[in-house]
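Some structures are shown below for you to check.
Here come two complexes built around subunit A, the first alongside subunit B, the second alongside subunit C.
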Partner chain A sequence: MTKITMRTYSYAFLLPAGIIYFVFYLLPTILSFFFSMTRWTLMDWDFIGFDNYVTFFSETALSIGFRNTIVYAVVTCVLKVVLGLLLGAFLTSGIMFKSYLRSVIFFPTLLSTIAVGIAFSMMMHPSQGMINTSLAALGIAGPDWLGNTKIALLSVAFVDVWKGVGIATVIYIAGITAIPQEYYEALKIDGGSSRDAFWHITVPLSRPAMNSVIILAFIGGLRSFDLIWAMTKGGPGFTTDLIASIIYKQYQAGFYGLATAGNVILFICVSLLAFPLYKFLTRSEVHL
Partner chain B sequence: MSKTKSKTIAFVTCVLLVFAVIAGCGGSGGNNQPAAMNNTAEAGGEQTSGNSNSDTSAEKTTITLMVGNTGTTLEALKVVAAEAEKKLNIAIEWDIKPDGTEGDNLVKTRLATDDMADLLVYNSGSLLQALNPEENFLDLTNESYMANILDSFKETVTSGGKVFGVPVGSTNAGAILYNKKIYADLGLTVPQTWKEFMANNEKIKAAGKTAVIGTYKDTWTSQLFVLADYYNVQQQVPNFAEDYTGNKAKYAATPAALRGFEKIEEVFKAGYMNKDFLATTYDAGLKMLAEGTGVHYPMLSSALDAINQNYPDKMNDIGVFAQPSDSADTNGLTVWMPSGLYINKNGKKADAAKKWVEYFVSPEGQAVLSGTLKAVGPYVIKDVALPEDTYQGVKEMQSYFDEGKTAPALEFVSPVKGPNLENITVAVGSGISGAKKGAEDYDKDVEKQAQQLNLPGW
Partner chain C sequence: MSKGMIEGLSSGIRKEISQDWSEGISKRARQFVIGAVSLVLSTLIFWVPFYFVIINSFKNQAESAEMSMAWPSSFHIIANYKAVLTASENMLIRAFYNSTLLTVLSIAILVVVSAMSGFVLQRREGGKASSTINFLILAGLMIPPAIVPTIWVLDSIGLFKTMTGITLVEVALHFPFAAILYKAFVATLPREIDESAMIDGCGGTRLFFNIIFPLLRPVTSTIVVLTSIAVFNDFVNPLYFFPGADNATVQLTLYNFMSRFTTSWNLLFADIVLISIPPLILFIFFNKKIVAGMTAGAVKG
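Then we have the complex of A and B:
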């Protein structure tokens, strides 16, 4: 088949979508590359070459930001992949109240991230928060979830997982229900246990679903910003700063050119991680 | 399925994902939700029925005024606007903006898109300088009322030799607010030196109360020990502001300036702050101070106004003293200048706006204003004295002014101010980094800001 015959529509049909794509996506991207090399006050700009990139890389909190971004993305991604699979398998089995339980799992996804962040940061208050008062009733002294520099990031990651695992579960449910029942029947005839069914049929055959979850969760983690901003604003100090929150603070300070340079760097980093990951995952996909 | 096709789809999906990422980030940056809800001057709308009906109400001019929504400034301005409407037949339409950095970005965006209100209430000092006043605001240098405004204020709203604003409200001091009742109970006296201050803290702690209130959940409140120490810095290093602006003096390398960071560290190390200071908010801190569970609160004196709103019966218990230095001879207040009222140069109703401003700074307008907006420090307009019912804490501040023991905060004498100071002081104040490291980090932060402002010498 040649390329010409594959084309179903004339270019005129593609034009409206093309214009929208150009004006709202392509053009801002190109402009952002340009403005990242300027000192920009919104009112005027002057070209300063790569100075912004040099400044951005000398940012003190940047190494913390990179480390936190990776840790956050990996932790939330792994937990969502594992918990989502378990919940997905659980909710496709023959339990009671299945659809009710499914909607309960999905419910947090529908909430506003900011609202969730504010609610959890109140619950995580070290002495008056619900979590620690409950723990105290059991005789356990809970830590300062968001004030302790060692666990603050993980506390936020936990909330992210609570909020986001519903999406992962739904994707898994779709993947698992698509597995033909014949495989399970064959396993039963061969005398396999339900554990075997899970490990040898459900897990390998829900790989396409797992890949989607990994990609979505990982990229979501890399660009995560709203939840951390609602809960800690990158604090205490700079201990929970992510790349995105560092960039946001630069915008806030009015360093528009510098912050745009940060976004270009984030774009490159996410691309460098996402393209190979996507390629790797799609290559090893198993066909049903 | 042909391999090329699935490859293409994979590629396009990836590209879209990445664009979604960028779009998401760009959105969070620029998306400062213009919290500006335009609500017409309902307060001014006591419909001065007799008066305005007799005039042809068709002649009424309406101008817009952009102002932040924290504190009582907006309420007080509404009262002035109601009076002005009767007198001048000029009504105000309010354009409410958020305060803090969100507000800064909103103002810059509105100016850049030529969408600014006719009048703007905004900070004086370094933040005003960042708005390029000569291009955006009307030159008020030759207005007759400027003679009544103190030079100390005028300097903070001057750019290129032209004066652009008039003061809104009173000065404000960075100091230590303290609970006088507890001071009396424990037999303490106002400390003259840092050593005495720490000794008082020790006694307060021994009495089972919080010696120093920390409210780091609202990160800006953590900066006070550094910012309010500036009177002490400039007493010891008189040319600090100049050298600092010219990239010759550094916080970490100037012992007097470094003291501010060290003071935060000392208070943390001695364990004088409340247990949950990282999770405590500004409002909770005010409550502690008013109720006497906390005794010292390093804060701006504008907090007195906030205390008055919630605990009016406790106002006489709250006193103010200057942040102590290491020597009893150096003891003075660091002063924040009031915000300015500026006229949009490119507005269509500049004449009406000018008339309104003239009324606003007239003794009559100021009398109406100070009826609602209680002074949190002395005024910067001549002949406007503090009224009888001024807060006790403000009366205590007056003596520093009378003796000339005041200095403007660094942000009013230098355009250099790093945006991350509040995060750095939280780090120092919670033991994440030491004082020296904090000062070094701040010097780097400042360097970035100065470069972005393109200041000479950086």
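Then we have the complex of A and C:
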């Protein structure tokens, strides 16, 4: 049997994918560690040690990207985890128009991020935008959503949640519908309320779904680029720059070594934050 | 049993039934109200942006510059859409061609190579190399690609700014997700299929292409739908790896028009509407498939 297995399930089957994956993903990733320590023109490089990293963290225009990326990832992740859970629980209860609501919430995830970004930046225009004119009609003076340095990043994060909460919701729905109905019946017999059902059955038993949402949303937040680029291009100034948008700016400016250092920092962020988070979450998972 | 007791009991039952009834009605009324409220809310939150984009793509330049929700005073549908399609020497038409070609090519390659890998990886699960390979695949799901080194690699082998280059990058970046889905699905195919095929004299290659690959169809269609939306909507990778006016993909036209049409929002909106149509069509036909694919990997963890 082993002999047949060896021949039948030949590792040669892995070669086409393996070569493509290695050349166009793994190799550049490995190379990035070296090139992040160079002054690089694509033709030629000078080895300069950790200078690019020092630059990255000493110049505020660059280091702010690091801070913003963490803030952005945490804010979008928390909102998606919480709103997704509420929407998921709501859409698995006995309400009407369920499948319609599910489709409406889910559809934006399939739209182009750039398109969504452009549409929302129009609606967030400080004087003419739909959001502020509606608020004005109610007698509220809306802020300059994308021009105010204090809230611009959060405005973009809000649009990110608008677009991405659909995935979180459908993952929760799948998780919640997998919970055996007996638990709810038992709770009902014991006289528990629907609030008890939510806190003591739905929340703990949809943990696997919640973990997936946390990981997906957090990593997605760390890697985010399209939306910030379509809406603010990192501005005003560089107050909403994320690591990914700094990589692009440095690349455009021809600082290839520095751009690559940004990539390595992103790599390290994901490895240091997301992998342990993944380990931690899957360890504390409740088993049915 | 006395008559009184029976009467008391039956009236009790009747009372209970009617209570159940009214409770049922009030419960249903409540559910209806909640449903209606959420219908209104979801319309406000999700439909208003769509309405905003579509209605502004019908306006003339001056009215669209007001960025309002108002009904247009006159419709310029054909003129606007024609203008956006022919702008910059038919850039959008070329972009649709490029994006379609990129999507079709990368999915064709992705499906074949990931199915092959998923098959062997599942059948050899627990072998020496499998944990290393699994780790590398998992890393690919999480860690973003290193941009400039990828450009350097593409440039060194003469594939920078080429359709072949961007296609292979898309395949590499979508490979982890596709391989994991295939691997999970192969686990549901009994090994007896392989064994009986081998007894009939099939080699590994024939076993895979003639027997296994057709059985993978449900997962293949999920991957085709999900990846085509992802590649069609991809902005970052064409931006970096496929630059140049001739190479425009649909997402890049938005980006180009954004800087060029700063005064013609109506045309920008028309572009948004046009490039949102393909995902919309896929959504209408494959709604269930898309949702199932996105949750399949996630819930199992």
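The rule we apply is simple: the second predicted complex is superposed on the first by the 273 of 288 C-alpha atoms of A that agree within 3 Å, B and C clash if a C-alpha of one lies under 4 Å from a C-alpha of the other, contacts with A are read in each partner's own complex, and residues count from 1 in each chain.
One rule holds in what follows: a residue touches a chain if its C-beta (ideal position, glycine included) is under 8 Å from a C-beta of that chain, and two chains touch if they have at least 3 such contacts.
Everything quoted here is computed from the prediction, not taken from an experiment.
Asks: In the overlay, answer first, second, both or neither for which of subunit B and subunit C A:175 touches.
Replies: Only subunit C; A:175 stays clear of subunit B.
Asks: Using the touch definition from the top, say if A:275 reaches subunit B (first), subunit C (second), both or neither.
Replies: both
Asks: For A:191, select first, second, both or neither according to whether it touches subunit B, subunit C, the two together, or no partner.
Replies: neither
Asks: Taking the superposition as given, does A:253 touch the first partner, subunit B, the second, subunit C, both, or neither?
Replies: A:253 contacts subunit B only, not subunit C.
Asks: Quick one: classify A:119 as touching subunit B (first), subunit C (second), both or neither.
Replies: Touch partner of A:119: subunit C, not subunit B.
Asks: What is the contact status of A:149 with respect to subunit B (first) and subunit C (second): first, second, both, or neither?
Replies: First partner only, subunit B.
Asks: Does the superposition put A:29 against subunit B (first), subunit C (second), both, or neither?
Replies: After superposition on chain A, A:29 lies in contact with both partners, subunit B and subunit C.
Asks: Is subunit A touched at more residues by subunit B or by subunit C?
Replies: Answer, by number of touched residues of subunit A: C.
Asks: Check whether A:139 is in contact with subunit B, with subunit C, with both or with neither, and answer first, second, both or neither.
Replies: neither
Asks: Is A:237 touching the first partner subunit B, the second partner subunit C, both, or neither of them?
Replies: first
Asks: Residues on subunit A in contact with subunit B in one complex and with subunit C in the other?
Replies: Overlap of subunit B and subunit C footprints on subunit A: residues 25, 28-29, 32, 42, 125, 128, 219, 223, 225-226, 244, 247-248, 251, 259, 263, 266-267, 270-271, 274-275, 282.
Asks: Contact residues on subunit C for subunit A in the complex?
Replies: 31-32, 34-36, 38-39, 42-43, 45-49, 52-53, 66-69, 109, 112-114, 116-117, 119-121, 123-124, 129, 133, 136, 140, 142-155, 157, 168-169, 171-173, 175, 179, 194, 198, 203-204, 207-208, 229, 233, 235-236, 239-240, 250-251, 254-255, 258, 265, 268-269, 272, 275-276, 279-280, 282-283, 287, 290-291, 294-295, 298-301
Asks: Which residues of subunit A touch subunit C once you look at their complex with the stated criterion?
Replies: 4-5, 7-11, 13-14, 16-18, 20-21, 23-29, 31-32, 35, 40, 42, 90, 94-97, 100-101, 103-108, 110-116, 118-120, 122-123, 125, 128-130, 133, 162, 167, 170-171, 173-175, 178, 208-209, 211-213, 216, 219, 223, 225-226, 230, 244, 247-248, 251, 256, 259-260, 263-264, 266-267, 270-271, 274-275, 282, 285
Asks: Quick check: in the complex, which residue numbers of subunit A touch subunit B?
Replies: Residues in contact with subunit B: 1, 25, 28-29, 32, 39, 41-43, 46, 51, 55, 58-61, 125-128, 144, 146-147, 149, 215, 219, 222-223, 225-226, 229, 233-239, 244, 247-255, 257-259, 263, 266-267, 270-271, 274-275, 278-279, 282.
Asks: Over in the complex, which subunit B residues touch subunit A? Could you list them?
Replies: So the residues of subunit B touching subunit A come out as 2, 10, 13-14, 17-19, 21-26, 28-30, 101-102, 104-105, 108-109, 111-112, 130, 132, 135, 216, 219, 275-276, 278-279, 419-420, 423-424, 426-427, 430, 432-433, 441, 444-445, 448-449, 451-452, 454.
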